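Each chain gets a letter, A, B, C, D, E and F, in the order it is written, and its residues are counted from 1.
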């Protein structure tokens, strides 16, 4: 696979992006503090509406300060959710990407192990609770 | 469904538990600081080996102090992983149970919303990355 | 929900089935040795081509003798696969149905527990192997 | 991996297929209007009963004219469902195969993006609805 | 469960919504041409940022005319993707909701059956392709 | 990828393992009757608590004699569950590993085909039952 082919579409080259796509590419690099546009975004750029939508949502949720809001969760916790979900779904691209992000934030190998151990545990108990069709004990209280 | 039937098996009644099962039931209530044995554990008790194994693992990972170890993650983060995974898998019992646990730890409705929003976001991007077969940018660094 | 409504479609009533659908309903009851047509088949009968296809495949795989073939697996093992997959996917209808089938075949509560424990274990290790992106050790040998 | 090894079994070589398998291989090439037998079918051919069953079902549903029936859905819509499901499950073989089929039918990169965007969106809302345990508003009407 | 409790949070009452939430509720009813706010949106409204994000994305993708864009897919195809994904994930809320939307668009029971049959088929072939670890035949061509 | 890198962490080298990890590595090789430590276990060893927990559970469930207990299921049935679950989840590492284990136990290609065919079938019917929201016929009897 040469560098022109990283998916089932031909990704938009960073140097050739113009207009809205170029603006979003620049925002991605600045917001994430990286010097390249990750493959997922170059692929989504083949459909600019989709690129803008997914980036807007991801920026709002995962980079709240850059999006001008306050989050109840810290940055590491947000990435931990991303890794736990991606591991549960078996998405290679996303596991690699969020593991790299967590390393950059200083997550130790031991902590990474705990995240995956806990994600694994609940994939197990989900199958047990569903496999036995266990009834909820009680609904959680609401305010 | 009367109170004798909460699953595809007849759960072990707390009052009738003996031996190892009774010990584990007591440990569950003490460790979780609750005054009843949740349905999942009463169901798993129909197979005592399984009860012991799942409880040992859950206690070690989710109640580390009670298990005599130190965790890299705080209690809320651990429950947040549980909720995110259970939401991704659509497990009703587990969503109710972990939402209740997070409320008890003081998680606000707004923070709950953020956890689920982020879990939802990565269920979306997992489908996008896999749906386009996007290649990883680079592998995360290892120590 | 009255008894006319068991799904997002109105199921075909056993007494009102005619032609191909009536034949398949009769075959289902005889092959499975039951005196009613389970809801899934009454629902699939709203689309007779689909009913015939799914029933033909299920009869061939799960009731090989009735379909005139020999299976490498025994009847209990076949139902155990059905339960393990349904538990992993969290499908309530299928968990109930295959648990009932396994009870009819004499599966004990303890053995049911083992099936679900093993299914749970591999839902966990699947998440771990994918969550760490572990490379295969070696490919399995082929003949 | 040499060309003898494309899976955990040794696939049936097109030139060496005989009898029923050879007939189905010929039908696959004619029905799909391609000049090779895709790997999935060569692998399924290691178990001829399975090959026949899966091919019969796929031909009936995905190539209705060839199977002598009329479909309510057009060919592109049928392939779109295949891609959306395969993206949701993260199946690389199936994503590649159905993307290729859609290209052959003339689907643009922009339309492919919409299919995946919508599939991604509902993987997100499924997690949200399940993660909050939202009750259905009302059941859909039945005829 | 009384009408104050439809989820693990207390949904925002339509009559009590104000500001941004009230505006979005009005837009949902107008865009979808319905006279009530579905439960999912009342629940998401407990976290207004999330409500706005998910509604903006859903409106853009599923109601393109209302969002001022042109879609490559027709309205029925878009809802069919939603149903196929929701069936694959087993999300009850979403299956009910999208089945109702498809009925409103005139989808027949037979066509609904085809959508689900095809979704079911590819859940099967996804498991087969992954279960045998089948290699892709060839990558789909890109422009 | 050189041989130092088989995952998102650097695996523990068999020759450099000490203490508890070395003991578990030895137990894995003896219990499984193999002469190397599979990659999954070398990776889990980066977090020794996790290694011990997962191995203890897997040994108890999958190698009951070595763990001093009696299983209701035979060894082949236990591995068949592992393969069926791993195929359903699309986990490459686990599919390869459990296929290899089944070959070692003498499972024929035809039987492997049946296992995957049945796993595939129930991934399909799970989607159908959930996609139509079919109500359970009756709950399975409990003792």
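Just so we're on the same page, a contact is a pair of C-beta atoms (placed from the backbone, for glycine too) under 8 Å apart; a residue touches a chain by one contact, two chains touch by 3 or more.
This one's a predicted model, so the numbers in the text were calculated from it and none came from an experiment.
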Under the touch definition above, the chains in contact with both chain D and chain F are A, B, C, E
Through how few touching steps can chain C be joined to chain F?
-> 1
Determine, using the mean of C-alpha atoms as each chain's centre, which chain is farthest from chain C.
-> A
Look at all chain centres (mean of CA atoms) and spot the one farthest from the centre of chain B.
-> D
Interface composition of copies chain A and chain E: same or different, split at half | same
Pair joined by more contacting C-beta pairs (C-D or D-E) | D-E
What is the distance in Å between the mean C-alpha positions of chain B and chain C?
-> 27
Approximate Å spacing (C-alpha centroids) for the pair chain E, chain F = 35
Per the centroid of Cα atoms for each chain, what is the distance between chain B and chain F, given in Å?
-> 21
Specify, in ascending order, the residues of chain C that touch 2 or more different other chains.
-> 1, 8-9, 44, 49, 53-54, 57, 61, 84, 86, 88-92, 95-96, 99, 109-110, 114, 116-117, 119-121, 123-126, 128, 130, 132-133, 139-140, 143
What topology does the chain touch graph have (line, ring, star, complete, other)?
-> complete
Using the touch definition up top, name the residues of chain D that touch chain A in the complex.
-> 90, 95-96, 99, 109-110, 112-114, 116-117, 120
Residues of chain E touching chain D in the complex | 1, 6-9, 36, 38-40, 43-44, 54, 57-58, 61-62, 71-73, 77-78, 80-82, 84-86, 88-89, 91-94, 96-100, 103, 108-111, 114-115, 117-119, 121-126, 128-130, 132-141, 143
Residues of chain F touching chain E in the complex | 83-84, 86-88, 90-92, 95-96, 99, 116-117, 119-121, 123-128, 130-133
List of chain F residues in touch with chain A within their complex = 8-9, 44, 46-47, 49-50, 53-54, 89-91
List of chain D residues in touch with chain C within their complex = 1, 5, 8-10, 49, 53, 56-57, 60-61, 69, 139-140, 142-143
